[in-house]
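The following pair of complexes shares a single chain, subunit A, combined with subunit B in the former and subunit C in the latter.
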Partner chain A sequence: MEKKFKRDVKSLDKIFDYINHFVLTSQLDDSISFSIKFVVEELFTNMIKYNVGHENDILISLKKNGQHVVVELVDYDVEPFDLTKVGDLDITKPLERREVGGLGIHLVKKMVDRINYEYENRTCRITVFKNLG
Partner chain B sequence: MSSFKIDIREMSNINVLDLKGYLDAHTAPDLEKVFQNLLERKKYNILINCKDLTYISSAGLGVFMAYIEDVRKNNGDIKLSNMSPKVYNVFDLLGFPLLYDITKDEKEAIQKFTSPKKL
Partner chain C sequence: MFDVTISDNGEILLSGRFDASQVEKAKSIFNKIEKSSTVDFKDLEYISSAGLGVLLMTQKRLNESGQRLKLINMNKHIWDVFHYAGFNNIFEIE
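== the complex of A and B ==
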């Protein structure tokens, strides 16, 4: 299933409803719901933050593919930003030396099994694979 | 539709925030306003009860990080209690249990407010 959402944090309510519907209709265990919401929110808000200056909707696609859930976000007419190249956070740093930025991407990398980044014709496509079980 | 709610209780010199629902990029500014208000009123002992917190993203975590230094500089602390395993897992992946007091229940957190604080 796929659906486009307005690039605004106010879309999160609708996105979470969409994910709930996907989890229910795909007969997935509810425990996967938290991770999917987390990953989608972090990627979605990252696209809003780094691809400013236009109002194109963001496409979110959710699929169950065998033993994987495949989550894909597509952002149109944007500059490249490969989040897979963002370095890992040092989680051993004391609080005063930590930065708020980068938390989400760090957590997404920890929560999923694979992330692909593609950029072609000014279109950014991020695909995430999460193992079931 | 998801929602987020904050109830505030004051117990002696501790302000307890009961978080309910989804703490995400849309709702995190609501929590930020509560923290700003507490700090303006010089309320530095803050306990976050996460019993009914069903979801948290990095935007929510960022609020705790943004205020912890100010709070500790004023001899206070932000402690968290009653987390579900899913919410705790997010804190754990960032190494937060070493930086924040995260307790099983509210009673334990309140007791810790009287013990020496983490710096």
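== the complex of A and C ==
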């Protein structure tokens, strides 16, 4: 299933409803459901934050494919930003030196089994794979 | 639906889904905290990095005056997120 959402943080309610429907029809457990919601929110809000200057909707696609779930977000008419090349976050820093930036991407990488980034014709496509079981 | 309230005994109670659209609502409470406090996650189903950011900034601000947040009653999924983020090293979690 796939659906486009307005690039606004206020779209999150509709996005979570959309994910809940997918989870229900695909009979996925709570743990997978939490991961999908987390990953979609982080990638979606990242696209809003960094791909500014236009109002194109963002496409979110959810599929259960054999033994994994495939989540894909597509953003149109944007500059390239390959999140797979972002360096690891140092989570051992003391409180005084911890920053909020980079936390979302770090956590997405921890939660999924594989991330693909593609950029062509000013279109960014991020695909994540989450193994079931 | 997300909510954040302060109980009669001064605990901060979180409930529902703490996503990026709820940051301002959460800040309206967390920015007022000036002494060590307990945050009860019992009724919180979900949190994203946006929510973690509010907690981190509050902890950093409180730490400057020797105060801190204690986090209690997290569900397993949220507990995992805190550990992936290394927040178990900078928060007391029960």
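As a working rule, the second predicted complex is superposed on the first by the 133 of 133 C-alpha atoms of A that agree within 3 Å, B and C clash if a C-alpha of one lies under 4 Å from a C-alpha of the other, contacts with A are read in each partner's own complex, and residues count from 1 in each chain.
Just so it is clear, a contact is a pair of C-beta atoms (placed from the backbone, for glycine too) under 8 Å apart; a residue touches a chain by one contact, two chains touch by 3 or more.
Keep in mind that what you see is a predicted model, and the values were worked out from it rather than measured.
**Q** Between subunit B and subunit C, positioned on subunit A by superposition, is the outcome a clash or a fit?
**A** clash
**Q** Have a look at where A:K130 lands relative to subunit B and subunit C in the superposition and call it first, second, both or neither.
**A** neither
**Q** In the superposed arrangement, which partner chain does A:F38 touch: subunit B (first), subunit C (second), both, or neither?
**A** In the superposition, A:F38 contacts both subunit B and subunit C.
**Q** When the two structures are overlaid on chain A, which partner does A:K63 contact: first (subunit B), second (subunit C), both, or neither?
**A** Neither subunit B nor subunit C is touched by A:K63.
**Q** Is A:D17 in contact with subunit B, with subunit C, with both, or with neither (first, second, both, neither)?
**A** first
**Q** Figure out whether A:D30 sits in contact with subunit B (first) or subunit C (second), or with both, or with neither.
**A** In the superposition, A:D30 touches subunit C alone.
**Q** Just checking: does A:V9 make contact with subunit B only, subunit C only, both, or neither of them? Give me first, second, both or neither.
**A** It touches subunit B and subunit C both.
**Q** Could you give the residue numbers on subunit A that contact subunit B in one complex and subunit C in the other?
**A** Residues 9-10, 12-13, 16, 31, 34, 37-38, 41-42, 45, 91-92, 94-96, 98, 100, 103-104, 106-107, 110-111, which sit in both footprints.
**Q** Subunit B touches which residues of subunit A in the complex?
**A** 9-10, 12-13, 16-17, 31, 34, 37-38, 41-42, 45, 89, 91-92, 94-96, 98, 100, 103-104, 106-107, 110-111
**Q** Within the complex, which stretch of subunit C touches subunit A?
**A** Spelled out, the residues of subunit C in touch with subunit A are 17, 19-21, 46, 48-50, 52-53, 56-57, 59-60, 63, 76-77, 81, 84-86, 89-90.
**Q** Mind pulling up the subunit B residues that touch subunit A in the complex?
**A** That would be residues 1-2, 22, 24-26, 55, 57-59, 61-62, 65-66, 68-69, 86, 90, 93-95, 99 of subunit B.
**Q** Can you check the complex and tell me which residues of subunit A touch subunit C?
**A** Touching subunit C from subunit A are residues 9-10, 12-13, 16, 30-31, 34, 37-38, 41-42, 45, 91-96, 98, 100, 103-104, 106-107, 110-111.
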